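Here subunit A shows up in two complexes: once beside subunit B, once beside subunit C.
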Partner chain A sequence: MIDEKKQKVNSRERWYRLLEGISPVLGFLFAMVVMMIVVWFIGESPSNALGAIISFSFSQAGIAYIISQSVPIIISGAANAVAFQGGLFNIGVEGQYLFGALCAGVAGAYLNLPTPIHILVVVLAGMAGGMLWALIPILLKVYKGVHEVIGTIMMNQIASAVVLYLVNGPFNGVRGQALSYNLRTPYLKPTAVFPSLHKIVNSITGIFGFKFPNYVAVDFSWVIAIVVVIGLWFLIFKSSLGLRIRWVGQNPSASVYAGVDIKKTLFTTMMISGAIAGLVGLQEVAYISKFFTPNITKGLGFTGLAVALLARNNPIGVVFAGLLFSFLTRAGYGLQMYTKVPNSLINAISGIMILSVVVFDQILRRYVRTLRRKEVGQNV
Partner chain B sequence: MKKFTVGIVVALLAVSLVLGGCTSSQNNANNGNNASTGPKYKIGLVFDIGGRGDQSFNDSAYQGLVQIAKDYKGYIKDDPDKVNYGTEVELKYLEPKEGGQDREQLLRTLAEDGYNLIFGIGFMFTDPMINVAKDFPDTKFAIVDGTIDGLTSTSNIVCLNFKANESSFLVGAIAGYMTKTNKIGYVGGMQSPLIETFEAGYKAGAMYVNPKLRTSGNLLSQYIGTTGDAFKDPAKGKEIASSFYNQGADIVYHASGASGAGVFQATYEAYQAGKDVWAIGVDSDQGLIYNSSTDSQEKAIGGRILTSALKRVDISVYDTAKDFMNGNWQGGIRNFGLKENGVGYAVNDYNKSLLESVTPKIEELQQKIINGEIVVPASNAELANFQLP
Partner chain C sequence: MVNSDTANEKIPLIELKGITKLFPGVVANDDVTLSLFPGEIHALVGENGAGKTTLMKILYGEYKPDKGEILVKGKPVRITGPAEAVALGIGMVHQHFMLVPGLSVLENIVLGSEPVSGGTVDAKSAREKIEKIMQENAMPVELDVDVDSLPVGLQQRVEILKLLYRGAETLILDEPTAVLTPQETEELFKTLETLKAQGRGIIFISHKLDEVVAIADRITVIRRGKVIGEMPVQEANRQKIAEMMVGKPVLLQVPVPEVEVGEDLLVLKDVTLVEGGVKKLDGLSFHVRAGEIYGIAGVEGNGQEELLQVVSGEIFPSSGDVLLCSVQVCGQRITKIGPLGRRKIGIGHIPADRQKQGLFVNMPLYVNAAVGWQWKDEFQHHGIIDYKAMREKAASIIQQFDVRTPSVDVPANALSGGNQQKFIVGREISFDPSVLIAAYPTRGVDVGATEFIYRQIIDEKVRGKAILLVSADLEEILALSDRIGVIYRGKIIKEFSREEATPEQIGLYMLGVKEE
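What follows is the complex of A and B.
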């Protein structure tokens, strides 16, 4: 009798877990439906739009681009996720990666070091830049109680101004060139440029008949992303520091009684988040353009917020959420290229898709939670 | 963790389902394309971030496409305005969302899709274009405002640049003729060799036509700053222009991007205070833009814009496409000056009557520059050696 009941509960629990697991996928499908309705309103045939997205995104080059362009998004998502785990809202990833990228660019352009060490120094410089930019807001929070959202937003503004000043001033790489419009630092020394991993990666994916084209960035930043994701997963779920971070994030007052130094933990969390954030721009600086410019891709920090939200702050989940967001960008270009959806609406469409994914996912999870509560009530 | 593995499996299943379901519709779409006879030429264009509607660069490039469509019986694919004059030339434009690999991705997509000539609008396309042009030797590429070293006439890239000193010379001459106080001003954005070409041309034009401006102190000039921010600092622009007007200048030319709004504001305020002062705009026909505004304040400001030094991105796009389709492709660097109609000064319905008295003289100067009788200086150093009549 009891066994039977237990079994019933187990099967039900499995069903809940399945529902929770697929909720992002259902959210994604829902988003696609929303997208097609919008497209239909514009006067383009939804099947045409879907065909365009799929043929453009799931071609060999399309998949390669999606994976490659997800690298900065994944790193940014990880930076946001660790902050969220520790109960911090680090909206300053944007400024942290901008400054980190500048530091990396400067370290790569001005230092003279042998290859492996130089690359390591570039990576460390990026991390240091990100940490430096996270330092002031967290000190303000820990010692003066200034909310980190205010502190980090302020630092975002300062970052764009400081970066512009530094690239115009001491680190200008285009002064004296008559007709160069692009404000940038000098080119990185060849010793600092990230090595390409095409050969290694293609020798593995070649087994499945897939090759990354040489124009898609397959570089050392992939290794960075993988190390960040796996390292963060171990840190959060398998280390005592991770346990403290999660305690503070879930219930600060209870963790005081458990003997956790809240200030220290908050500080450490923010430093980890800042260090990861400093790595976001490295693919662009150290591999794609090989210099730092204030015109570097913007907004990755904010994309990372949505990625972390969708991944429920799980580092492994961040990978899939990052791939999804990268896919949305590529899908947007597919729409631009092969349908008559106006460009101005495509940004709105990907915004709507992001929103639908996140909202649908949240609704479904809440629904499962209510079901669980009901069940508990019944059993009692 | 279990949740995620389950999630992934379901995701893969879902994707494969969707994929399977869509192949049929996709095939239909392809068949539809093949049924109609293809266009003779396919010309693609990638805007810079900001895209259509910026009332400047990108919009001007778009006008170039419209002109191509008109003259060569073409159509702009997927265009909301439905520009369609025939099927001989297919035109298509794209717009990047971010930096990184996005620009290269779009150029490459167009090249892979068989576009014969591809434009990139803005210097940010420099590196992406070099990469893509290498992989598609039979496709032609053109970059507006970019400079790429090592190109020859057989290269498949052409850089389209503009002789801003020549248009500045003409508006300088207009200012020289029209000034009543015999004192005029110039507000530059970021101090750099590029922006100096505007200054040198403007001063040369003013001095050429008005001997009184040759005495020092009558040609006021000042830069807003030494950083890129100088192009978006209207407050400083206003401050400098106001001080020029207080010193007795009555015409101020600006080459300072968005800071120019402050110059116009200062001009309008000085005008309201009873001074007969004018401003000169830059790059696009700013007088027309302000006058066409629905905002009454902007309209009023538009009334004090004498003319603008124009940079005709549309002409550069049109001419490059024309030469390509006529089989006269030339790689390398191509400068658009007065001769090529690539720069000029703005005459519109609002300032036509204002400029009536000087227009013949300006046209004459323009002819002289085109003939090579006047060589407009491109820097302050060249200005010092400039031959005045």
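What follows is the complex of A and C.
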């Protein structure tokens, strides 16, 4: 009898959690509906647009691209998510990955080390660069009360300038060549280049008849992303440090009451975020182009912000949100190529999606809270 | 048309008829009927969550009733917002004042309905009008000082002046005495009598039954959204009202057994705290012995908050010492030990604000079972949390301390205030600290839960713990404490034993009228 009641409570609780967690799905569907309306407004048939998206995104190559290109997005999402969990708004992931990528590129190009160690050093250099760029804003926040948004935005600006200077100066790999648009560091030593994982991955996916083409990056950065996601999930939800990070993020005064050292926790959170951010650019630097350039892909830090928001700062959710954003990028290209809908519509759609997720999230949370209150009322 | 003066004698200012308000799953008000006549003080009493505030919010236009009608001076009205309520002559003083710090008293009073001439505020005519109101009602306040610099009693007076300035005939006061000293309360009552004599109607919401009996003409008791009874004050007494409120006789006076006191467990020596050049604590000293409840009485803002922070270790004093004697250590200076370290050597802490400090309200109850005690070996192994142990802990607190919740998995904010508080009290007691800080342990908690919490605190005393009780409720301090220290401007200016303490005497020291 008691067990039966307990079971009922538990199944209800599961239903509540599902309700609370479903907002990203609703947000996505809502954004898709809005997109179709806009497409129709532009004068394209929604079914055409949908067809273009599907055929371009869900071909074998399309899927391969979406998965591969989600790697830096997922890492960036993870960097943002951990900061959000700790109540920090790390808008500086952008600068942190730029500087981290430079450090990784320099470590790969100038050091002479045997191969597995050299790769490890490249990874560590990237993390160190990201941490260094996160260090100043968090010190300013902890000791001087400067809001981290201000600090990190400033550091983003500084990163662009410093990187440009360093690659023009001491780390110039194209000295004497006139053209500045291919400004870059020297090529990474072969010992530092990330190994390709095509064979291994294809031997697994081959079972399901799926092959990643050679021109799609399947490399060591996949392993990095997986380690980051699982490690972060474990840190946040299983470790006591993670619990302290979440406490500080949710309620600083209760954290003080509980004896948590807020400054130390904020510092640690930001360092973890910076270290992860430093890994965002590694796929491009250590596998795709094999050098660092100031013209490296930009904006991944801000995409990661949206990814974390959509995933509600859950590391596992970040994987799905990262894949979704990767898909949206691909869908944008599809629209551009096969319909008269401009690519930039996709940007608007991601905005609508994030807004509607936030709204659905609030509505559902309030609804669940009312349901819970009612239930407590009945029990009393 | 009837002459309005004579009509007022019979027609109520306000009539609420059959008001029903449903919130999802809860009937907040169930067929409530209430009337208020000119020249009447009508007290509305009931436990927390009984539906008093909801009813007043309906009258003030903040909520829309699902059923029922509202009549103002005999005419049915639909009140869709506070602005409309004000236009109908209804005004409300909220429990938390709605004043703008940084603006002067005058500016606060006229804000929102300033007299304008030629596009600028006509401060002169505003001043004249306010001065006239102050004189008529014997409610003097200095108009040109920053409203923030006034004591709480005068801030409340400003709130009332705001209503009178807007011509309110019906005044709703939501727990107006909760923040006042006994003397300030008396002043307020004088003001209310004056307002009453002018033919205004007052709805007075309170928990404090003594005051209700002292000031009200009529009393309405609400329980679970329903009117349980309405009576003229002549027929009422404390016991009767309390019974109606909770539906069963409640021991408001909990018996406190005599316990042989032991050695000093908590000692504060000459503690001074300077913050931003201001002496928040000024050479404060006291000691709490084993088997003793030491109550701190004082008007809010005299250093209680800082005292609690110094004792719990959240801030360190500028000078002076805090000493602790517990199972682990004795006579140790813990002045420079933080909250974590203090918990480890035996201090438990029921915090002043359960929502802001005591709980992570969005996290499941089982996580909240370990707040403050997360460092314990039972909750973590090599930096990995043992959530199972937390669940077990939460379940044992729920069972032992009668916390009503569907499960340990719900977030803490799904619980009612009283149950949240019982959970916190249970948590702190269950870790068996030698010294227990109990800050405002029953604030905003209903009578049933209050009594339960009192019993828990007394049990701790019997077990030989030292309890530091800080409360704004003098009745609570008097009911529980063995010794009482009065805090005034950051100093303990007088200590009373249980026998010699009377509310009047304590009140005089609280206000700094008497000093030793």
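Throughout what follows, the second predicted complex is superposed on the first by the 315 of 380 C-alpha atoms of A that agree within 3 Å, B and C clash if a C-alpha of one lies under 4 Å from a C-alpha of the other, contacts with A are read in each partner's own complex, and residues count from 1 in each chain.
FYI, a contact is a pair of C-beta atoms (placed from the backbone, for glycine too) under 8 Å apart; a residue touches a chain by one contact, two chains touch by 3 or more.
All values derive from a computational prediction rather than experimental measurement.
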item	value
First (subunit B), second (subunit C), both or neither touched by A:Asn10	second
Which superposed partner A:Ile22 touches (first subunit B, second subunit C, both, neither)	first
Partner chain in contact with A:Asn90 - subunit B first, subunit C second, else both or neither	neither
First, second, both or neither for A:Ser273, with subunit B first and subunit C second	neither
Which superposed partner A:Ser253 touches (first subunit B, second subunit C, both, neither)	second
Contacts of A:Lys340 with subunit B and subunit C, given as first, second, both or neither	first
Contacts of A:Ser326 with subunit B and subunit C, given as first, second, both or neither	neither
Touched partner set for A:Ile288, first subunit B, second subunit C, both or neither	first
Which of subunit B and subunit C A:Asn156 touches, first, second, both or neither	neither
Chain touching more of subunit A, residue-wise (subunit B, subunit C)	B
Contacts on subunit A seen with subunit B and repeated with subunit C across the two complexes	none
Subunit A partner contacts - residues on subunit B that touch it in the complex	1-8, 10-11, 14, 18-19, 22, 25-26, 29, 51-53, 77-80, 92, 94-95, 97-102, 104-106, 108-110, 112-113, 123-124, 126-127, 131-132, 135, 145-147, 161, 193-194, 226-229
For the subunit A and subunit C complex, residues of the former touching the latter	6, 9-10, 12-13, 238-244, 246-247, 250-251, 253-254, 256-261, 369-380
Subunit A-touching residues of subunit C, taken from the complex the two chains share	23-26, 312-314, 338-343, 349, 351, 353, 356-363, 367, 371-372, 374-375, 379-380, 383-385, 404-407, 409-411, 413-416, 419
Subunit B contact footprint on subunit A (complex, rising order)	17-18, 20-22, 24-25, 28-29, 32, 47-48, 50-52, 54-56, 58, 61, 65, 68-69, 72, 161, 164-165, 168-169, 178-183, 215-217, 283-284, 288-289, 294-299, 314, 316-317, 320, 329, 332-333, 336-337, 339-344, 347
